[in-house]
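Across the two complexes that follow, subunit A remains constant while its partner is subunit B and subsequently subunit C.
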Partner chain A sequence: MRKIDLTVEICGSAGDGTLAAGEILTTTLAFQGFHVLSFDSYPAEIRGFGKCVAHVRVSDQPVHSLSGTVDILISLDDSYSIQQLPTLQPEAVVLFDNQPLAPVLEEDQCIAGHLGPGMILYGAPFHELSQQATASGRSRNLVALGAFAALFEMNLEKFLESLRQKFKRKPRVVDEVAAAFNAGVDYVAGNVLKLDEFSFRRDQESETAAYELLTGNEAAARGAIDAGCKLYAGYPITPTTKIMEILSEELPRHGGIVAQVEDEISAIGMVSGAAAVGVRAMTGTSGPGLCLMTEFIGWDIMAEVPVVIIDSQRGGPATGLPTKTEQSDLYMALFAGNGDAPRIVVAPTNAGECHYWVAEALYLAEKFQVPVIILMDLFLSNRNENVILKPVPQEKLRANLFPTPEELAKGYLRQALSERGVSPRTLPGTENGYWVISGLEQDIYGTPVYDAKNHTNMTEKRFTKLKTALAEDIPPATRFGCEGKADLGVMSWGSTTGAAIEAVERAAAEGRKVAGLKQLVLNPFHREPVARFLDDCKQVLVPELNRGGQFAHWMGMHFSREFLRMNQVTARPITHTEIYNEIRKVLEQKP
Partner chain B sequence: MAEALHFVIVGNGPAGNEAAAALRGQDPKARITIISAAATHYLRPEKLAAFLVQPRHRLKDLYIHPYPWYEEQRIQLRLNQTVNRIAPEQKYVYLNHKERVRYDRLLLVTGARPRVPERLASLSSLLTRFATGADALLLKRGIARVKHMTMLGGDCIALELAQALLPQGVRLTFILDEYRFWPLEFDEGVKKRLADSLEKKGIEVVRDDLAVSVEPASDELLVKTRGGKEVKTDRACLSSGMVPAVDFLGSAGIDTQLGVLVDDHLQTSQPDIWAAGECAQVYYSELKDYRCSTGSVNAEQQGRLVAQNMLGAKETVKLPEPGRVTIAGEHFTTYGWKGFSLDEKD
Partner chain C sequence: MSPEPPIGKPELFYEEEEIAHARQVRGVLDYRSERLPTWCPGCGYFGVETALFDTLHELKIPAKDTVVVSGIGCVGRFPFFMKCYGIHALHGRALPVATGAKLVRPELTVFAMVGDGDGLGIGAGHFPHAARRNPDLTCILFDNNIYGLTKGQTSPTTPHLQVTNSHPYGNPDNPLNAVLMALVYGATFVARGWAGRPKDLQLLIAEAVKHRGFSFIHFLSPCVTFDKVNLLYSNLEQQTQPLPKRHDYTNLEQAIARARDPELFVGLFYRTERPTYADQMHSYGERGEKS
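After this line comes the complex of A and B, so read on.
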């Protein structure tokens, strides 16, 4: 049973330090033993205007998704914060700057006149206190955090310790940061009467000390390092730039390099070239970049080159909504390219899986000589969460996948046909293992040929190796919620899965016969567990962040079944509350 | 089509809430805003003392209207927001947090606040108040540590508080000053009998004296009287009656004396501004004089009446009906207070 399950939002204008405050709060709450999941929304422009919102869900139990409602709102800019009010709980708390810089505010500029009657308003002069404490108004976000910490009974010592950690590389500002924070604390202690019942006081130590706080991007970068990736080539693009930033610092320490190239075609080209000569390599992009990489993906499939591509999806098409999340690249990940072009597509559902599956993808790519596309999304890339990282399969990653000299001495057929569909691969320069890398169809000797029978065999080979991957490495979908027959099943993929898990578990805990199925690897996938799940469920709901239900359609291509689609293109993640409400709606509808 | 009028009500007590409800009843299109420095909702003040000593009682249990009522009535409720200035010519009220709100018709119903005798004004921060929900909440959070409380004045609010605290084992001292038993106007004989009855209940009563200073003394407070008596206490509670809360009116050009001066239609000296309840000093044609009224019954009645007048009527305020009060077994007639008894737990 959750005793604490609150969502805090900090809302301000770009330049207010909104997201920095959110990051500090998330880190500190995690440090104080809470399970957290946080996510920022921000404008596409670099700086200067536009609404920024840091969402932080805090609980004493693990959390998998954002809540659809907000319990505590810290307003650093009232004109933007007013827009957040529809998501506030009826008895939410709002903390605002009651002495802003403006000489006078009209009603539409001040949040105070827009609250619901059950809400509680606390004011503190963020700007003034910042000026007094640091001779600058820039620390008003820290004053707000101090006020927040005092109001909601956080461990102030631990909070200050978190701040010192955060700013340890800037010793000159540590004292100012602490002064601004303490100014907020002191103001609340002396001037504010606490009327609400929210509290982040912890009476006992939590088990979350073993957890790490990571974003999906950080976890993915860590996965690349842990798997021994030696080259990351990319072109900066939201939301995957962070992966490149992290790796540009970390990879050189591990004997690797990061190449920032002129566009995504170059990125996939460089990765393909490196992978072809035996360098463990990957790239990362988002939808527009994946579009540009399409031709090379086909080349990698034909030439059987092991590349890994992260596509962190965002609102599209084209540049679309660069800083908003979506799950609308599934068709492209599954099908982009000419010809029959099988590839592995994986969709991690949380940061822990981003870490593990980047490593696993590098392994699968090499073992099966195939591109692996990892479908993340902006929400998954940027959200911060507590995770315990699963060790990457080092033994597998170090295994020698190449033929031995003895085997090569007996004769080498680069495109040899076999039951597994995996032909022996050598690196350029290997004695007795010479071959020509090409995007042309080849016969078993590696010679370009165009006859029908060879093309049929080779096409079949490329599909067969995915069946082998399925048999040898790829896990089946996993079920959650009620066991046995269910009135409703919920199938999910990617970052929406966390919301689906919480919604299904809530419905199941209420006695509803609702089950869920989490599909991590979208292609290829084990048919039987999905078929069994579909048989068990009277109806099946598929929540997705795209217009038409791309995953529902993908499943529909494999199973003769009607799927109830729950589609949103709202530029924000689906919440567990929304899925739960949809579950109830479906179950309460008369047949 | 005429634009909806914006009625701004400054104050969240009985007069303001009754006025808001009446306005809504008669003008479905009106925009109605209540702005109040009070942090808590409109509640039953007579229950505050019981709330103080009942651990499970929540403040929201005392609310007269649950918050959805305001949503249903489309009344914008702005709590914890203080009006610090009124500009009648521009028709704006200015709030402490630098916002200004335009009104078409303004109602002042800011109620009353505990009187702070001049001699204690500089010690105000050390003194406990028990007039609002916020006061009660604050006191309740520390009540377990209160073993002794001293009432500076001895008004009827102090009597209510005493009635709740005595059964909890809290020792009490009453330093009775000129405002003892406010707002009840008794002759000296009755006042003496009441003081005697307090002593019979085990309360220490200091008569014919005044608290002149309060100072911290380790974990306690030391109250000194003009007569040289010193009382060590955990809390010193202001109980010298209430005065209309009209300090913020300042340079608004609204005539005030003790309270906001209003005519017998509750209209202030400024157009489109009315006042009612405990903040108002009302002209009663029967008396041909002004009088401050007390108590929620008066305030509610005035709230309903002033709403009519704000909508264009010319209703005349009447002298309050007498109320019946029972203290220490004696029955008294008073104006302004709802009939109540301080004897229930005798």
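After this line comes the complex of A and C, so read on.
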């Protein structure tokens, strides 16, 4: 059987139902047993103008990134779709509305006039069919999907199943959209001659039946629930709002609470209060919100309060590009705040890891009484992919080691120094376990003191516990691609890692000596595997979505090494094709 | 007539008696930490401390179930002088922290101790939201009309045109009226006390702790070190007066009118009942299960 790895794109104007169509298509393909990864591109405005694009990558193998090229384009608005043409493969297929509501006055406004010689064009009157089927033109996106389903031999039953799932809260709509969908199917069956060879026919059920289709945000929310999070406080901000919305519905069923508060300062304040008195608590935000939380991050480090903060990054600085992805908050996650303020920073690379690392972050925060920042990004938050979630181990649901009443009766010191850097903890309600925690430097008795020796000891303690976390819990970076010495190494972090893995593996499969390193925990991290990787690689390339090369810099602070940078501020994810091309370029420029 | 004290240890005899009284009758030592307060002699904050200890003792609230959250400023140090669970939070942020703690551990008795700069300046954004959420905690706003810990700058309650270290030509801003704010923000318990009447204050604190919901006490207290002209004990003695006997504390309009009155009324302005933040949040789970 022919291997499938195709990208379908639906392009329209805000209000065309472009993203809804993309979601239904993704769900159906997943139901059919394909591996999918889909991602939407949309403007920050709700209505009126702006291009919406739903990208869906489909494969019979697991996929980790977007390809950057398009095999099949569904155009709901030709004026926008024409802009997508440069990404189309030479033999791409385009499906368009050949009788749109607004008549095309000039030839160059219609996509038909722009296609390359090898491309195949199918037209169907989406708008007209929608009106015939539902007495409204609003369902033209469904007509397009019906035409698509018929053309590419998809399982129509699975399609209707995903329609029902999508509109489960509006059962009255289901019949209407199904009618529009069927109109598209029937039109193609009766009027269109298939010329291309693409097919999404899937005869047998595959192993992906066990997979779930989740976005990074959904996976992160599940991680919070699975790890016993009892309070999530947040303030709406793209692209993290969805985590709050999901938890608002789900957390109360699991004995937890979601508080929507007046600002991000209050969000982390509430989380800090709740964590201080003993429950697992977290907040989520994006860059601008993390700015507001900065003072509290320092306080949580000083007062040793276990909080977890998700920062799903978007284009910055300031309000920036609210609906576009970027990886430019790494400096902030690592360094934000005054003073020497060590914290744990984790950057999951896919939805499965978002789930696992939110749970793990809640565990690590509690065990080491330290804030943990989880760096996601808009791409990771919003992309839909099929994953199998790793269960959260039972023993990670509790990390506090409380002193016994006998020990407490002998005298208890909340700020005691210890070899591990972790002080014994008590919670309100405990007899003889009294404490005062503070943003002031305190001595072991809890009294604010400002002397040199104490500040030295306490600062050391805050760094020591990260060393302990490293020794006890934090996994080392892992290598992929070719083995042994390599001509080129690729180091990446966060959502870019998926593209790096695919690009490196493709290059390695072609016999090139290219290896990659995947680092999940960015602070603290094990030096040795990174040092070994750097020694093994003649040159090291760091692709990331920021201008300054933040990760390359961070590595440069630890290893004296030149890094080749691949920095993009294109407001969209790096594709595996782009990294692959860069790998070839570097290897071909023999020094 | 008490007998003549034995020669050589008169003070000791006196202290022991006081300590026994404090321990057994007033329970003060159950809540006092071994750290001595760092407030200036004559500061009104000592009175709140004593009133609070006495209240907790009377209401039989054990120290282990008491959480005192504070911000930054002279009042910020409050938890250090108490034996309980103390959270000395960031400048202005006591209310969110206290709300979070109370929300997840409703069995605890939670206090938020804030100052005028702390609660009405840098942290003023949290005040309306705490009031409208109605978390079951007691917020005492220690108002000395000045920034004390940074040595005498203008605060959000410093009177118009008063000369301070940061406004040598007089304060250009109008002062805020904390009681009026609490009332219009929807606080369910609003009172004012002052440092010269610690016994009255104790009654207010006891009522505030017993009240289910957001209890707000505006506590006027002279800064004896950095304010020599405005909020003095002698001035407050003349300016303050108890709310009239006929004041109806269930009537919001009346409470607002009295809060706006140039007379500085002390006592309980307003009290009402409303479901607390935790009541509502914890009932979501039941609703969630039903759906």
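The rule is short, and it goes like this: the second predicted complex is superposed on the first by the 583 of 591 C-alpha atoms of A that agree within 3 Å, B and C clash if a C-alpha of one lies under 4 Å from a C-alpha of the other, contacts with A are read in each partner's own complex, and residues count from 1 in each chain.
Here, a residue touches a chain if its C-beta (ideal position, glycine included) is under 8 Å from a C-beta of that chain, and two chains touch if they have at least 3 such contacts.
This is a predicted model, so every value here is computed, not measured.
Contact with subunit B, but none with subunit C, is seen for A:Cys110 once the two complexes are overlaid on the shared chain.
Judged by the touch definition given at the top, the superposed model places A:Gly50 against neither subunit B nor subunit C. By the document's definition of touching, neither partner reaches A:Gly228: not subunit B, not subunit C. Residue contacts after overlaying the shared chain place A:Ile265 against subunit C, while subunit B stays out of touching range. In the superposition on chain A, A:Gly118 makes contact with subunit B only, while subunit C stays out of contact range. In the superposition on chain A, contact is made by A:Tyr434 with subunit C only, not with subunit B.
Measured by the number of subunit A residues touched, the leading partner among subunit B and subunit C is C.
By the touch criterion defined above, A:Leu195 lies against subunit B but remains apart from subunit C after alignment on the C-alpha atoms of chain A. In the superposition on chain A, A:Gln99 makes contact with subunit B only, not with subunit C.
Shared interface residues of subunit A, touching subunit B in one complex and subunit C in the other, do not exist. Note for the complex: subunit B touches subunit A at residues 33, 39-41, 59, 67-71, 75-81, 94-102, 134, 137-138.
Chain contact summary for the complex, subunit A toward subunit C: residues 230-231, 233, 249, 252-253, 255, 257, 259, 261-263, 265-267, 269-279, 281, 295-296, 299, 303, 428-440, 446-448.
Subunit C makes touch with subunit A in their complex at residues 33, 35, 63-67, 69, 72, 79-80, 82-90, 93, 95-105, 107-108, 125-126, 128-129, 281-282, 284-285, 287-289.
On subunit A, the positions that touch subunit B within their shared complex are 90-91, 96, 98-100, 102-107, 109-110, 112-113, 115-118, 120-123, 193, 195.
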